[in-house]
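Next come two complexes, and both contain chain A; in the first it sits with chain B, in the second with chain C.
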Partner chain A sequence: MEKTIETNRKTNGQYDPLITHPYTVKRVINETHDTFTLHLGPTNGRNTIFPFTAGQFNMLYMYGIGEIPISISGDPSKPEQLVHTTRAVGTVTKAMRGLKKGHSIGVRGPYGNGWPLDNLEGKDVVFIAGGIGLAPLRSAMYQVLANRDSYGKVVLLYGTRTPIDILFRKELERWKSRFDLDVYVTVDRAIGTWRGYVGVVTILVSRAPYDPRNTVALVCGPEVMMRFSIMELKKRGVKSEHIYLSMERNMKCGVGHCGHCQLGPTFVCKDGPVYRYDEIDYLLDIREV
Partner chain B sequence: MAHQVRLTLDALQSLIDELQSREYIVIGPKIENRKVVYDEIAKIDDLPAGWSDEQEAATYRLHKTGSPALFDITHSMNAWIHHLYPSKATLLKASRENSGFTVERMKEAPPKYALFGIRPCDLEAMKKYDRILLKDTFHDEIYKNRREKTFIISANCTRPSGTCFCASMDSGPKATSGYDLALTEIIRDGDHYFIADIGSESAQELINKIPQAEASADDIAYANSLIEKAREQMGRTLNTGNLKEILYKNYENTHWDTVGDRCLTCGNCTLVCPTCFCTTIQDYTDLTGSNVERIRQWDSCYNNEFSYIHGGSVRTSSYARYRHWLMHKLATYHDQFDTSGCVGCGRCITWCPAAIDITEEASAIRQHSITV
Partner chain C sequence: MENLESILKQHPFFEGLLDKHIEFIVGCASNARFKTGEFLFREGQEANHFYLIREGTVNLEIYSPQKGAITIQTLDEGEIVGWSWIISPYQWRFDARSVDMTRLIALDGKCLRDKCNEDPELGFELLKRFSPIIEQRLVATKIQLLDLYGKDD
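Moving on to the complex of A and B:
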């Protein structure tokens, strides 16, 4: 039964993409005051472990409440640990925060294309994350670190609201202590004993150590943050075709049938969520597109 | 050339009888609440013989003609979509069980439809649906199962309505492929009959069971001349030359504000459009909380919550929602599915309460195009 979903995606077979499958919550990690991570596993062997690509998402379903797209934040080399990190902001995510070990949640997916990590060998890789945007980038980070020698410099630039909003803090501190990795964190507002950077993440884009002519940037965060980060990247000379960003739109089906996630001529669920910047640059400056 | 036969009015009734004996539910145009709708018919007498329609922007009227013609009315308000891609469908049922829940996938026994008198524009729309729901990575189970069983009897148009522009969109007035049978109605020298083009083996087999005669070359030529006359009488035209490129360059055209001021975002155009396919998925939980039904229903991009993401909707202004809709029909659909999102049926013009006309709006953008 393993890899069933992946196989059927390709063969257009019996797998019905709109049917959710109950998975069991194996672990809940409260990351910050409003973000949390869920580790999910198959329920009684009734469903399967499936492979995924860093940057893909699943549709997660809270029984009787609703279903939403959430990026996978786990390690692609460990598909048996199905990990999602999200912020409790809406009806579904607020209910999700109440989940405990042993509870059930519906899963279908994975959907979307993911980060283009296979083609980045020898390049400097710059991760730029805003807020919860760090979650889908963490999967890519795991993969890059697992093959660290294949890349040039690896830089993570992360901006969040305040020091108490820092996601994956322990992991970030561990990464920051490595000699083969540059990690910079900035907050919009310094509170408490914060001694780090203060200001938007774009200030880091202009200073961080990478070679703009040999860099690929992976960007995920609020649209406005991505727009300004890209402006800075371009100012430093990173080419548009070397910038990738992950977009968000309303989604109902995940397979390009329901129409909700249209972004210009594309469907975020199947043509995205990761786009090469020059494919959609003209859409990012238009309001309400 | 395909094989063509001549059928009388009685033979058409035999055709319906024959279909019903094979357990087809026959769907055809009929009058309901002073408009033509597309729904179940029992016999040929249910068709709107002797009626004709007037369609203009925000205008729809039926009137009696005194002619025995079955197809003097143009297309119905609704297309075939209700039948092959139902406006409401239960996808799954879930029930609470111990600490978790179980999911039951809903499997329907697909109804077997014979679509009678479907217009060429609507047939073209079905090809677009096939592309979207059958030929992508994933197919839609409900549509696939219903579609495979469907028998199609198209009716070529010999009279366009005031809002028709299928000739501009290359999707009418003659059905070119995708049908089992294509009828052209002829009333000539006191004779009332149909020329039927046979498009499939199952249609041939069916035709063999009913009274018919070989169509004469003269009949075929006459039928074609009627269709050609219809082509010349289109109520509207749309210049599609370079239109996609022009629209892409004009996302920021100020003309969108003008039409946005008129648009009520009611969504009528999306409900009557035969190429609109958007849906939403909602869960309905019973009062005890122990049973859930997940229902997919038609949705409209004009609804505010359609584009809702955390922080608010992407398209809040009416101009943005109209722009999204028109851009989808005439530009982005091409890039998504290699075909236009418009078949020129003109329903959106007829049923818009603000009389917004897609052909006028597209040509206004062309006229006021920002050159880049």
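Moving on to the complex of A and C:
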């Protein structure tokens, strides 16, 4: 977190991590029946463009309704296009879904750490995404694909509920057609004319083409899905210290002050949301009260 | 061209089996091929085979009169199809249908069952190999039932 603030201070001089900046909606994409992507641009020009790391999140504020943390799903090399993908599930996100081009929204961030992509050179990289968990991994995918030669095999395993819940469909098709990328999409429940895989994403972990001795896995999705994915990764021989996961908790302040997102001795907003698995494995069994 | 013995020996499922057992299993094996949409087996039929997918994809399905064929799981190259041949009453619980042109090795379960009765060591080895597959698919089914990506997660 300190590192992030430093970066922003250098960029902006006056940066305060708790100040919300007005952004303008540039584009709204309806990804599925309940999931949408917002493309945002700073209302006040370039002085509120913040560089971000794949895996970080922003606090998005719907004026008069509420503020929520949402992962950045855009390309880290294009911070001027702030992209967020989320699902209309609560009061704030449902209101957010009604936003149109030209509307205003508050943004503060970016917060948290990101995926450790700089340390993965030469490794096979396996992305494991469940449901909306593909959104924060998409930023990392952009970065890896922009430096494709630096990595070994790159594999994306994506599981979701049904074919109509598949996110970033066109992008997945483009990625599937690449020869330097293995993309597997599976659904828990097949409906309509779906001819792809059926079954949970954890099954794909056991059969996907990667060298477990030289693999780093980046996992994001519901916690149960992540636990079982990790189990399969370990069965294949991927070391615990080579598994990273993005955790989700009730994040409020974004800077580790309020304590709402405490996970053991850590705060997800400040020390996460990306954790190395062997550093928090004992915390995954703790029941929240 | 690889023969059945070398294919079976190289497959992780048969890894570590004694040569005499591999030899016997090879005697129960044959090549099989199913066209797109063709059934490997159907629910309720006698389960006398299991398959090793060499190329192609197989869907496990259950048929509902209201909803038609519902795919439960997709099995891919290298995977094993079917364990009902080893569990009484030796009847298929699901349909298995070839998604595309599929090449498999078919293993005669009836012949293996008889041999397992004579040679409990082979029987135990095969059960040891089928148990993790059964466990993995049971866990997968439980996760599917959780509807993890529903709105409440």
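Observations, loosely collected:
Simple rule for what comes next: the second predicted complex is superposed on the first by the 269 of 289 C-alpha atoms of A that agree within 3 Å, B and C clash if a C-alpha of one lies under 4 Å from a C-alpha of the other, contacts with A are read in each partner's own complex, and residues count from 1 in each chain.
Everything that follows uses one rule, which is that a residue touches a chain if its C-beta (ideal position, glycine included) is under 8 Å from a C-beta of that chain, and two chains touch if they have at least 3 such contacts.
Remember, predicted model here, so these are calculated numbers, not experimental data.
Once the two complexes are laid over each other on the shared chain, residue contacts for A:225 go to chain C alone; chain B is not touched. In the superposition on chain A, A:253 contacts chain B only, with no contact to chain C. In the overlay built on the shared chain, the residue A:160 is in contact with chain C alone; chain B does not reach it. Once chain A of one complex is fitted onto chain A of the other, the partner contacts of A:18 are limited to chain B, with no touch recorded for chain C. Judged by the touch definition given at the top, the superposed model places A:89 against both chain B and chain C.
Contact with chain B, but none with chain C, is seen for A:286 once the two complexes are overlaid on the shared chain. By the touch criterion stated above, A:170 is placed in contact with neither chain B nor chain C. On chain A, the surface patch touched by chain B in one complex and by chain C in the other comprises residues 89. Residues 34, 87, 89, 130-132, 159-161, 165, 186, 188-190, 194-200, 202-203, 206-207, 221-222, 224-225, 228 of chain A touch chain C in their complex. Listed in rising order, the residues of chain A touching chain B in the complex are 9-10, 12, 16-22, 24, 43, 63-67, 89-90, 102-104, 106, 248-250, 252-253, 255-260, 262, 264-267, 270, 282, 286-289.
By the touch rule above, chain C contacts chain A in their complex via residues 59, 70-74, 76, 78-79, 99, 136, 139-140, 143-144, 146-151, 153. Looking at the complex, you find that chain B touches chain A at residues 91-92, 94, 96, 99-103, 105, 132-133, 136-141, 248, 251-252, 277-283, 285, 289, 292, 294, 296, 299, 301, 306-310, 314-317, 320, 324, 327-328, 331-332, 334-336.
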